[in-house]
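Alright, structures below, take your time with them.
The two complexes that follow have chain A in common; it is paired with chain B in the first and with chain C in the second.
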Partner chain A sequence: MATAAFSTSAGYRDLRRMVLGQEMVLFIAIVLLFVVVGLINPRFVAERNISSIFLGNAYIAVAAIGMSMVIISGNIDISVGSLIGVLATIAGTLALNGVPIIICWLAPLVIGIAITSGMGAIVAYLHIPSIVVTLGMLSILKGGLISVTGGAWLTNLPPEFFLSQTRLFGIPTPIYFMVGLTIAAAFWMRLSATGRAIYAVGGNVEAARLSGIDPAATVVKAFAIHGFFVGIAAVLFATQLSVIQSTVPPNLELTIITASVVGGVSILGGTGTVIGSTLAAVLIAAIASSMIFVNISPFWMRAVQGILILVTVLADLWRRQRQRMGT
Partner chain B sequence: MSVEARATRAPFAYHHELLLLIVLVLVVGFLAVGTDKFLTVDNMLNQGRLMTEVALVALPMTFIIITGGIDLSVGSIMGLAAIMLGVAWKNFGLPLELAIVFSVAVGAVAGFFNGLLIIRVRVPPLIMTLATLALYRGLAEGISQARSVRGYPEWFFVLGQGEVFGVPTQLWILLVAIIIFWIVLAKTTFGRSLYAIGYNEEAARFSGIPVDRIKLIIYSLSGTMAGLAGYIFVSRVSTTRSDMGTGLELDAIAAVVLGGTSIFGGVGTIAGTVIGFTLIQLLKNGLALSGVKGDATIVVIGTVLILSILVSNFLQRRRGAGG
Partner chain C sequence: MKRLAIIIATTTALTGAALAADPWDGGDDLPTNPLACDDTPGTVAAKDYDGGQTTGAADKSGKEITLIDIPKLVGVGYFAATTEGMRQAAEELGNVKVTTDGPTEANIDDQITFIDNYVTQGVDGVLFAANDPVAIAPVLKKALGKGIHVVGYDANSDPDAREWFVNQAEFNGIAKSLIDQMAAEIGDEGKFAIVTSTFTTPNQARWIAEMQAYQESCHPKMEWLETVEAQEDNILSFNQANTLINKYGDDLDGIFGMTSVATPAAAEAVTQAGACGETAVVGLATPNAMRPYVESGCVKSVVLWSPVDLGYAAVYVMRAVVDGDLSPGDTEVEAGRLGKLQVVNGSEILLGSPFVFDKSNVNDFDF
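Moving on to the complex of A and B:
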């Protein structure tokens, strides 16, 4: 896996991988979904609905970018849903107390980075598995949030706080964040030394160490950058409605991890791209929305999500098996 | 990293359970001083009733984690089994006795499906059960359409709300389950095989251990116990809802890991798990009685989980360095 990430040769292989890769499959799936459901019910492809699909789920895509990096490094973060809730509440509380809006938007980023770096350091230097550390953190954040806020909603926020409700050239701001951050992260993962190191550590720790990479520091960096994206996701989430609830959508962490995995990030570490995870986030949101338009009860949504993960994982394993036989 | 942890680990030199037992005694003592409502027979029995579902699921989870696997779908299986119990009884018109058997069987099949894909297609357990966490919960929600089933006859509640010899009925079941799981893990070839698989799966395979069959059995067992826990849950709360058991997997895993079972596999005991879920339940309850608001207790549990792993890792490494 690590060798695949390091192979710089053969533009042909890159092209082939792009055409046959997860990104293309997801892209075609999204287009097909819009065409088919659009034919059944034209209101599905109305600008209003498409815009609301992107708007309501951009924060999931942004969080999935960070999650993808953590998973590529061979770890996982199941506290991410609670962390988004905590950071959103912090942003809102600051805004209510008259703190300058720009600081309300930046504070979640800083605190997010601090918390995830802390978790990363425990994982990397104290050798405690990420699933245990983030499981503990999930309890701490979730319980902490509800006991501090008492379940109360934040209302009467200053109007200039609502970043997600603004538009630029008629397009909602969160979409710029989603697209811009995905492209930036994709380049960073491919071209920067740290980005390559994250792939290397996830693929084969020993090989990475022997090639002069510090695995522990790399894992901490992956978590820190994840915190940055979670911070942005929290701001997008906090500013999209006129109130901030002290709870996040149930199983938010599952949806974010699903986006990463369906996007082609191998849970074993070492492979995957952030473009895939963003496309997957869009696909999942589009499927959820389409079910309403073709009169399927939304209660089936989670079953569809589960089947989607299963199918993707099976396809991924099948493809790898074929590749192994091919070479 | 896992390689390093494995090398410095001395499995039998250091007794995590003993440390935990001391912590448990300290916690109970501390909480008993804080409020006189905590250390009473009634309260203790009631806490036992409340923890049974998590405990029943944590036992097979111990087996699974010892082999280096994990089962995130148990909470969803519990929800699905509960829904199928109600549906089989109300909609299919099965006698309630058969509906109960059917719901536990649904749990077994759900677990079997996890195991089958894990051994046949080699899907990593974390991702397989993450997918079925969504799938089984989705089936529960889809089948029930968020409608609850009530109106069970009086005898149905004996298991969840009744008593036998003054002790909640389900605690007897838990006691039997603990003894069986303890004997199987500590005294049988099957139990030894679980450690072998978790310590080195390839080596276990080469020494002729039927690794795949064992995995299939423990994941099916996990599903079955989750189904049983679903039945007990319905019997305890008198109603069937599709969101039952949400987050149960995290409680069960926390109990197992707190009990000293290594998430890397190869190490763990039933005694540790029993102390683990008892400690979590008593902490929750004791803190609530001492006036800590309900949700703040989750914070304490998360902290205890991380700290206990830190301390045990630290002690093990010192052992490893010293010996």
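Moving on to the complex of A and C:
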């Protein structure tokens, strides 16, 4: 860490090195977990269990990609769990009404983008903090969903609706989405002008403005792309089981935000990567599964999630302090 | 490198703790009262009335009353069904107005806030299904103190915080039904695991404790492997059931689902793992949620009472309390189409024996 001293611009290279560090830490933690728990109970590392861990949590990783972008832009979206619940219900309702399956899958993307762009526009142009805007949206979506559906479950969905239950070359389809979207989003964040602008706006909004970036437009774009990922996550979520619960899964937003933050996305904006958030989603899911395999009381699961968040946020603050002192 | 060290240390510490820990059974520590292994009905122990009473309630005998119903949460099929039963009772009675409102997650703090708001606004009666029997007591006592009648259903509070509680089925009755169904499917030496909501949810903890007691006395060679928590979350329940299947493989003969969310999710996990017929799923759930699995034959029996009848009975009990037809010391109460219901356990009204849904009758129900 002594090399932090020669990063004069607190710049991109420095940033990249730091977050690469976080990804490496997560990767090593995952490998370590699989090795240690696998030694205690070899069934943990059986192909079928690894597949379950990925399959059951792919939608969280996909949603965390979008969430990471929003957090990197200096904002947050706490309505994400409710939004996934609403979009899943919409997809299921369309399918029940005989709408072509491809439209059932695409509608959540379009509606997701529309809703998050709307929230982004309110945040960016009316200068209302994102936590307030998305908290409002959370209540609207959650309350609205329950008043419209009355909590009735959606059943008897057409068999071809269940995207998440399909397999390609023996591997569950959601895993392709998780891996493919993470890689694509990572490249996009590194290489595209908008991706770079999201980092710039989240890091230092004045500096971004002076270098010709439109911060408001960038925030709206970050939210819009987030909506795209939320839409995909909702489809994966909706098609995993044969019934759709048509309610908001408890604490889903917390799980998604945890994945982003533990993945090294700074809660203060400006730094982080989507590879980190996906690795963190996998790590958290693997920890949950491993606790059953090694018979730890599940009471610990929340404590472990909390410890992970605290450790990463403290590490982030510590890193920033080092950076300030270095320059 | 510091972070790496921290994570390695955490992992090691957890592994160490793991090796020492016993699996958690999810039952509570209260005394159990298992039923006889055959069909001998349980005896009703004489017990004095132990409920609370209102102070200064207005006499609304025969007059229109306004009730508020605060279930554990709204937006799940189960409480949609109790609400439907309440609506039916109110319609039959003609002089009852009942509204359901409540938290969208099974959260005791939110539930208390809801009840408190309605108590402040003023209603004639509160119907509730408690998220926590102890934490909910003060706000219910506050209602009683303001002359508001309080009747619980589905999930009890401390007895002195409400006047009556409509018990959907005694815990030992449900436990017997579940274990007997499982034994019929996996045999008397089968091994089973349980997916529950949380270890502190009173109903589930009580059922599990009674299940263990009944299984030990009536099916002593069955083996309980583990209980896992899954909140009331669809996909988490699915993941937890999958983890059980992956952990125990062929050793797992059956899974109990303890909630109307966990049971279909467990059935889904068994279906997707291609383990139908090898791993039985028996549980508490609503027929709508279980219909696909019962129809496919993957699930043979679903144990429950009728939540519609439960909500219906709660409104009748409330009406009887207001009209003075149900007072401490009474042994039964008239509840419309359900006939006379028995008073048990001091201040509880028993709905009846549990109902088993199977392929032959699952389509007769819609909740």
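The rule is short, and it goes like this: the second predicted complex is superposed on the first by the 298 of 327 C-alpha atoms of A that agree within 3 Å, B and C clash if a C-alpha of one lies under 4 Å from a C-alpha of the other, contacts with A are read in each partner's own complex, and residues count from 1 in each chain.
What we mean here is this: contacts are C-beta pairs under 8 Å (C-beta built on N, C-alpha and C of every residue); 3 or more make two chains touch, one makes a residue touch a chain.
Predicted model, so just to flag it, every value in this text is computed and none were measured.
Asker: For the three-chain model obtained by superposing on chain A, do chain B and chain C clash or fit?
Answerer: On the shared chain A, the partners clash.
Asker: Does chain B (first) or chain C (second) touch A:Ala200, or do both, or does neither?
Answerer: neither
Asker: Go through the superposed model and pick first if A:Pro250 touches only chain B, second if only chain C, both, or neither.
Answerer: A:Pro250 sits against chain B and chain C alike.
Asker: When the two structures are overlaid on chain A, which partner does A:Val230 contact: first (chain B), second (chain C), both, or neither?
Answerer: neither
Asker: Under the stated touch criterion, which partner chain does A:Ser242 make contact with: chain B (first), chain C (second), both, or neither?
Answerer: The second partner, chain C, only.
Asker: In the three-chain superposition, say which chain, chain B or chain C, touches more residues of chain A.
Answerer: Looking at chain B versus chain C, the one contacting more residues of chain A is C.
Asker: Is A:Ala46 touching the first partner chain B, the second partner chain C, both, or neither of them?
Answerer: second
Asker: Could you tell me if A:Lys142 is touching chain B, chain C, both of them or neither one (first, second, both, neither)?
Answerer: Both: A:Lys142 reaches chain B and chain C.
Asker: Identify the partner contact of A:Leu279: answer first if only chain B is touched, second if only chain C is, both if each is, neither if none is.
Answerer: Neither: A:Leu279 stays clear of chain B and chain C.
Asker: Answer with first, second, both or neither: which of chain B and chain C does A:Ile122 touch in the superposed model?
Answerer: The answer is first: A:Ile122 touches chain B but not chain C.
Asker: With both complexes overlaid on chain A, does A:Arg302 touch chain B (first), chain C (second), both or neither?
Answerer: First partner only, chain B.
Asker: Overlap the chain B and chain C contact sets on chain A and report the shared residues.
Answerer: 142-143, 145-146, 150, 250-251, 297, 299-300, 304, 307
Asker: Please output the residues of chain C touching chain A within their complex, sorted ascending.
Answerer: Residues 1-4, 6-8, 10-12, 14-15, 17-19, 21-24, 74-77, 79-80, 104-106, 199, 226, 228-229, 231-236, 238-240, 242-244, 246-247, 249, 261, 264-265, 268, 271-273, 288-289, 291-293.
Asker: In the complex of these two chains, what residues of chain A are touching chain B?
Answerer: Counting only chain A, the residues touching chain B are 76, 122, 126-129, 131-133, 135-147, 150, 205, 215, 250-251, 254, 257-258, 261, 267-268, 297, 299-307, 309-310, 313-314, 317.
Asker: Help me check something: in the complex, which residues belonging to chain A touch chain C?
Answerer: 1, 21-22, 25, 28-29, 32-33, 36-37, 40-41, 43-44, 46, 48-49, 52, 56-57, 59, 142-143, 145-146, 149-153, 155-156, 165, 237, 240-243, 245-251, 285, 288-289, 291-300, 304, 307, 311-312, 315
Asker: Which chain B residues qualify as touching chain A in the complex?
Answerer: Touch residues, chain B against chain A: 1, 4-5, 70, 117, 121-124, 126-128, 130-139, 141-142, 144-146, 242, 246, 250, 253-254, 257, 263-264, 293-303, 305-306, 309-310, 313.
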